[in-house]
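Below, each structure is written out as structure tokens.
Two complexes come next, and they have one chain in common, chain A, joined by chain B in the first and chain C in the second.
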Partner chain A sequence: MEKNKARSRFIVLCVAPAVILFLIFMVYPTLNVFRMSLFERGAYSPTETFVGFNNFKSLVSDAYFIRAMQNTILLIVVVTIITFAFALVFAGILTREKVRGKELLRVIFYIPNILSIVVISGIFSAIYKPENGMLNSILSLFAGHQVTTLWKGENLVMLSLIIAMVWQAIGYYMVMYMASMAAVPQSLYESAGLDGAGRVKQFFQITIPLIWTNIRTTLTFFIISTINMAFLFVKAMTSGGPNGASEVALSYMYGQKDAGLYGYSMAIGVVIFLFSFILSALVNKVTKRTPLEF
Partner chain B sequence: MKKLLALVLVFMLALGVLSACGTPAADPTEPPADDGGDVTTPDDGGENTPASDVTISVAALQSAYENNYPGMWQEVCDAFTAETGIKVELVVEMNLEDVIGPAMQGGEYPDVIHLATGRPAGLTEQFIKDKNIAEITDVLSMTVPGEDVTVGDKLIEGFVNDSSGTNPYSDGKTYLAPMFYGPCGLFYNAGLLEEKGWEVPTTWDEMWELGDKALEEGIYLFTYPTTGYFDAFFYALLYEAGGDQFFYDATHYAEGIWDTEEAQACFDILEKLASYTNPITPAQANNQDFTMNQQLVLDNKAIFMPNGNWVIGEMAEAPRAEGFEWGMIPLPAITEGGDRYSYTFFEQAWIPAGAEHIDAAKQFLSFLYSDVAAEIFAKGSGVQPIEGIVDNLSGDNGVYYSVYENGAKAALGTFASFKSVAGLNTAAEVFFDPFNSLVSGTQTMDDYITNLKSASDQMRANLS
Partner chain C sequence: MEATKSLKKNSNSGEKLYKFFIYLVLILLAVSIVVPVAWVFMASIKENSEFYGNPWALPAGFYWQNFVDAWTKASMGDYMLNSVIVTALSLVILLVVALPASYCLSRFKFVTSKFLNTMFMAGLFINVNYIVVPIFLMLRDGDTWLKNVFGNGFLLNNIVVLSIVYAATALPFTIYLLSGYFATLAHDYEEAAYIDGAGYGRTMISIIFPMAQPSIVTIILFNFLSFWNEYIISMTLMSSANGPKTLPVGLLNLMQAQQSAADYGPQYAGLVLVMLPTLILYICVQKKLIQGMTVGGLKG
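Let's look at the complex of A and B:
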């Protein structure tokens, strides 16, 4: 009995620092976001006025916010689908097939993930440069005349962001999928092979069902990281322009803070929070399957 | 149980999204931190009483001037300490907002901040909007430490008044001290025009003629680094179109001002200019790529760009066309023989209302206009707005500052500050950003004017 008590006390003591830090630095600020979204104040002003849900009411009719939200959703959907497909296929090929220089390829795919976003935006600046940029130079080669597509112009800027974001994310998810694919027993593939299942069939019938738990986790990652990454990419690559065409929810929120609407930007924060939370929960719900044991 | 666990996990992850955005803010109702340290505000003393046991904190932006002459601010602070005995704790940073911002959110303010308006983070603008800046009208009548003239006597006329931007509430009270001024105008390659035998245009009509001629040789008339550079351009254009009163009305969003003939003249020029702009400009008009637009001028792919004389240092290492030589003109006149304006850009130094040592801070501000300080600033090419300073400028700098002596009028002022309202963009976003869309053809001039009018109405209703 005594021993048990001492043990519990010990455990509490061990866990306390982490819990306290978590409460102070994560839970409290988050709750504060909700509280501040009900106030009107500047970022540096000592005074604040309670405005109830006025900030949220303004959000609904704020065309710029709606555009930023549309861009965010576009990025979440498109970047997730493309990255997911590529990462899964590449992971499948690299684990299942006998490819030369497999290890090297894995490293190469992973490199973009190590690079800082600022470096990546520098690289893509060179790629997207209208004159003598890498992309336009290659296109000119095929077109037979000088191509000056404005990749960061108003019409294509979102596409350019998507390409950069997919390029950055593939390696990370590929490595995650590879790790769980490596755990799938070889014997399953062998027996499927004997039964006459081809490579593609094996991929869809064995690999995907067996790494399903992993896929579900990464889908949540996709949603959260796309929202966060989009902010970094937009800040570094386009500053939200031209004329606000590439503004995303978080960058808009940040801009509103700079415009002196701290409460309003917190309201945007609340919307993004609820949005990502609900979306993640939905995705989790929809992709729920009984886990297969092997 | 599993479901619950999954939900909790998802919640945690979603929390992660916000943790990137939500900084733990201190209780805003808390009074400024008072640690009982060197709190010896000499509020009982006269304005010029040296309070030698006081230490003031000064936060200054590390801009091109500091980079030109590293240690510039420190030297000025040392000279101030030597003169008055007031010690200075100095912070000079390139990302000043990020360095002093969090502490200020917690209620700890530096005593003097040198940070201009027009920066992306808009920190100074926020302080103006919140009326969170200490009034410094009395600094104008203070004697400059170590000299026997007052600050007001030393300042060049026109820098401190209701329309120049130093009195943001247009009530005759000064809140911002003008610092480092410089003429802005259209920068171009003088060597190119000379080589081709093209005359430098003096009116907009000549400008369009030059544009047609140049385009035949594959050179566009115009480019701009980012739309942010239109401020100087736009202000000078307003002055040209209608003079002082029109400028004041336009920048204070007077009712119906955008329906006037003068405004239409400005819009016509903007519309035409958009069609003469190098079409790749908007794709590079962001903070990452703006030097590529400046490079267009160096490469003879565009003739003019709105800029300030800092561009020379900024592009010093860049490759350029043969025979390249910087030139700058004020804006061409709208009518033959009409007034030509060059916008005078200047930065601001100010005292936060929550500063601890306001009186000592005011002494510091007045010292910034002393000959000693001006000389140190000049080493980094920072030119203080004090009488007679142009005579002492050397080389290139002298050329740019003499633009006003060659017939151009000085345009001063900014859009009036208004209370932030959700869904209402900043003046720069309303007036300048759409130029990108005008150039790429995704917005028509009519759309631009319609948006501008409705935004202007809202700004007028929220004037601070």
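Let's look at the complex of A and C:
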């Protein structure tokens, strides 16, 4: 009895601080996103008036919001496809082939992942600078005349964001897949080689199916994190500009908060929440395969 | 005979082409990562007039003044101190809170243990930046209330509160990683300790935690990087112009200010100041970091 009491006291003491912090700073704010989306709130007073679904009604006809969602979806689709295709192929090459300096390459590829997005934005500002920027000066060399492309102009800003985001993400996933590919037994490749299967066939019929579980989990998480990464990049690199051309869902939500439209901002938050949940559930379902053992 | 020979020769040169292609692509990728980073280091010691010429020209000399300007005039020195305090404090809070919680959640069965485990797992799917607005409003309302009652609010523009928010929002991932490790340990360790007369707390602190050292190192590394590099929460919760700022937010302000002033040197010096600590850490522990990452599996 005494021992039971001590056990309960110990458990409560250990678990309570984590639960309390989690409730205050994660559960309560999350519930608040949903609650506040139904209210109108003054910019400087905490008084709230219930407006039902009015915030959502205005969202549907808000051209800026629709553009922000389109940009988000564009980034999710393009960045995911490019990053995963390159990461898988490079990881496959680095694990299967005898490449000199493999360790050094691995160390280099991982560098972008440890830098702050603010730093990466600063680096890419130097790359994209119209006059004397790194990219334009290289292009000038090939073109033979001074190139002054506006990489952060309205037409190219999304492309520039995509390049920066792929640059940041590719190494992390490559290193991750290298680890799981290294666990695939060598004998499988040897017998496939004897049966006459070439590199490409081996890659698609042995490597990919055997690490499918890993690909699937990372894909789901990557899609959620791209919604967030897009915001981090946009906020530091373009502030949504020019003229809202690079606005994404979260940066638009943040901008509405700065404008003091809290109810509206949270309605966007609700849309983002539902969007990311539905999307990851969808990806999870679509990519479902019977896991293979090796 | 001749045909097979030429076929063999053909596939051999194909093989060579393939190898060449692999090296080309890998080296291109490596160059595209290393060169821009190295370029920033080079730019940070250039004088302002040098930025109007060829961007690939080597710096004329070591223009140390950029760093002095960034450190003092742009207050990067103060921001650096703030970042060090916030990162260290968040890590301490996180470990003190998460270690015992993960231990209990993974090794004890009690009434709510299943529910709590699911709750923290669900937390993995909540991105902090989705909920930054309500966190900000909650703290601002708290400040208003404190002002009315005590005449002074202290929740916003406070690096201690920021550290608590960082630690709290890192809990789900940290508990997920640690519980995964604790769950693999055999129960014999505790039973032996109990027989020797050690209580629950003593067993946890002096038997279990030392065994979890590799996992703890992984957690410190990951969270160091995410706390040090974070800027959205920091920018939102410490938005006052004269209040304290962390390094990435200070750098962002500096970059936006220099954009119009066309004073590039200090900006690149600031970039170097922010990334140097993470790069040094990375060089020292890169093996461990990459190992830990593949053990952890996923990151939000």
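We adopt the following convention: the second predicted complex is superposed on the first by the 267 of 294 C-alpha atoms of A that agree within 3 Å, B and C clash if a C-alpha of one lies under 4 Å from a C-alpha of the other, contacts with A are read in each partner's own complex, and residues count from 1 in each chain.
We take it that a contact is a pair of C-beta atoms (placed from the backbone, for glycine too) under 8 Å apart; a residue touches a chain by one contact, two chains touch by 3 or more.
For clarity, every value in this text was computed on a predicted model and none was experimentally measured.
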Quiz item: So if we stack both complexes on chain A, do chain B and chain C clash, or do they fit?
Solution: clash
Quiz item: Touching A:N4 in the superposition: chain B (first), chain C (second), both, neither?
Solution: neither
Quiz item: Taking the superposition as given, does A:K152 touch the first partner, chain B, the second, chain C, both, or neither?
Solution: first
Quiz prompt | Partner chain(s) touched by A:V33 [first = chain B, second = chain C, both, neither] | solution = both
Quiz item: In the superposed arrangement, does A:T290 touch chain B (first), chain C (second), both or neither?
Solution: neither
Practice problem: In the overlay, answer first, second, both or neither for which of chain B and chain C A:T49 touches. | Solution: neither
Exercise. With the two complexes superposed on chain A, say which partner A:I272 touches: chain B (first), chain C (second), both, or neither.
Key: both
Exercise. Identify the partner contact of A:A179: answer first if only chain B is touched, second if only chain C is, both if each is, neither if none is.
Key: second
Self-check item: First, second, both or neither for A:S187, with chain B first and chain C second
Solution: neither
Quiz item: With the two structures laid over each other on chain A, which partner does A:S116 touch: chain B (first), chain C (second), both, or neither?
Solution: second
Exercise. With the two complexes overlaid, spot the stretch of chain C among 8-16, 26-34, 80-88 or 134-142 whose C-alpha atoms clash with chain B.
Key: 134-142
Quiz item: Common interface residues of chain A with chain B and chain C?
Solution: 24-26, 28-30, 32-33, 36, 46, 121-122, 125, 221, 224, 227-228, 231, 236, 250, 253-254, 266, 269, 272-273, 276-277, 280
Exercise. Show which residues of chain C lie in contact with chain A when the two form their complex.
Key: 19, 22-23, 25-26, 29-30, 32-37, 39-40, 43, 51-56, 96-98, 100-101, 103-105, 108, 110, 116, 119-120, 123, 125-127, 129-138, 141, 144, 164-165, 167-169, 171-172, 175, 199-201, 204, 225, 228-232, 248-249, 251-252, 255, 267-268, 270-271, 274-275, 278-279, 281-282, 286, 289-290, 293-294, 297-300
Self-check item: Residues of chain B that touch chain A when the two form their complex
Solution: 6-7, 10-11, 13-25, 28-29, 101, 104-105, 107, 120-123, 125-127, 129-130, 132, 226-227, 279-280, 282-289, 292, 301, 354, 420-423, 425-426, 429, 433-434, 436-437, 440, 442-443
Practice problem: Mind listing the chain A positions that touch chain C in their complex? | Solution: 6-8, 10-11, 13-15, 17-19, 21-22, 24-30, 32-33, 36, 46, 90, 93-94, 97, 99, 105-112, 114-119, 121-127, 132-134, 137, 167, 170-172, 175-176, 179-180, 214, 217-218, 221, 224-225, 227-228, 231-232, 235-236, 250, 253-254, 257, 262, 265-266, 269, 272-273, 276-277, 280
Self-check item: Of chain A, residues touching chain B in the complex
Solution: 24-26, 28-30, 32-33, 36, 41-48, 55, 58-59, 61-65, 121-122, 125, 128-131, 148, 150-155, 220-221, 224, 227-228, 231, 236-239, 241-244, 250, 253-254, 256, 258-261, 264, 266, 269, 272-273, 276-277, 280-281, 284
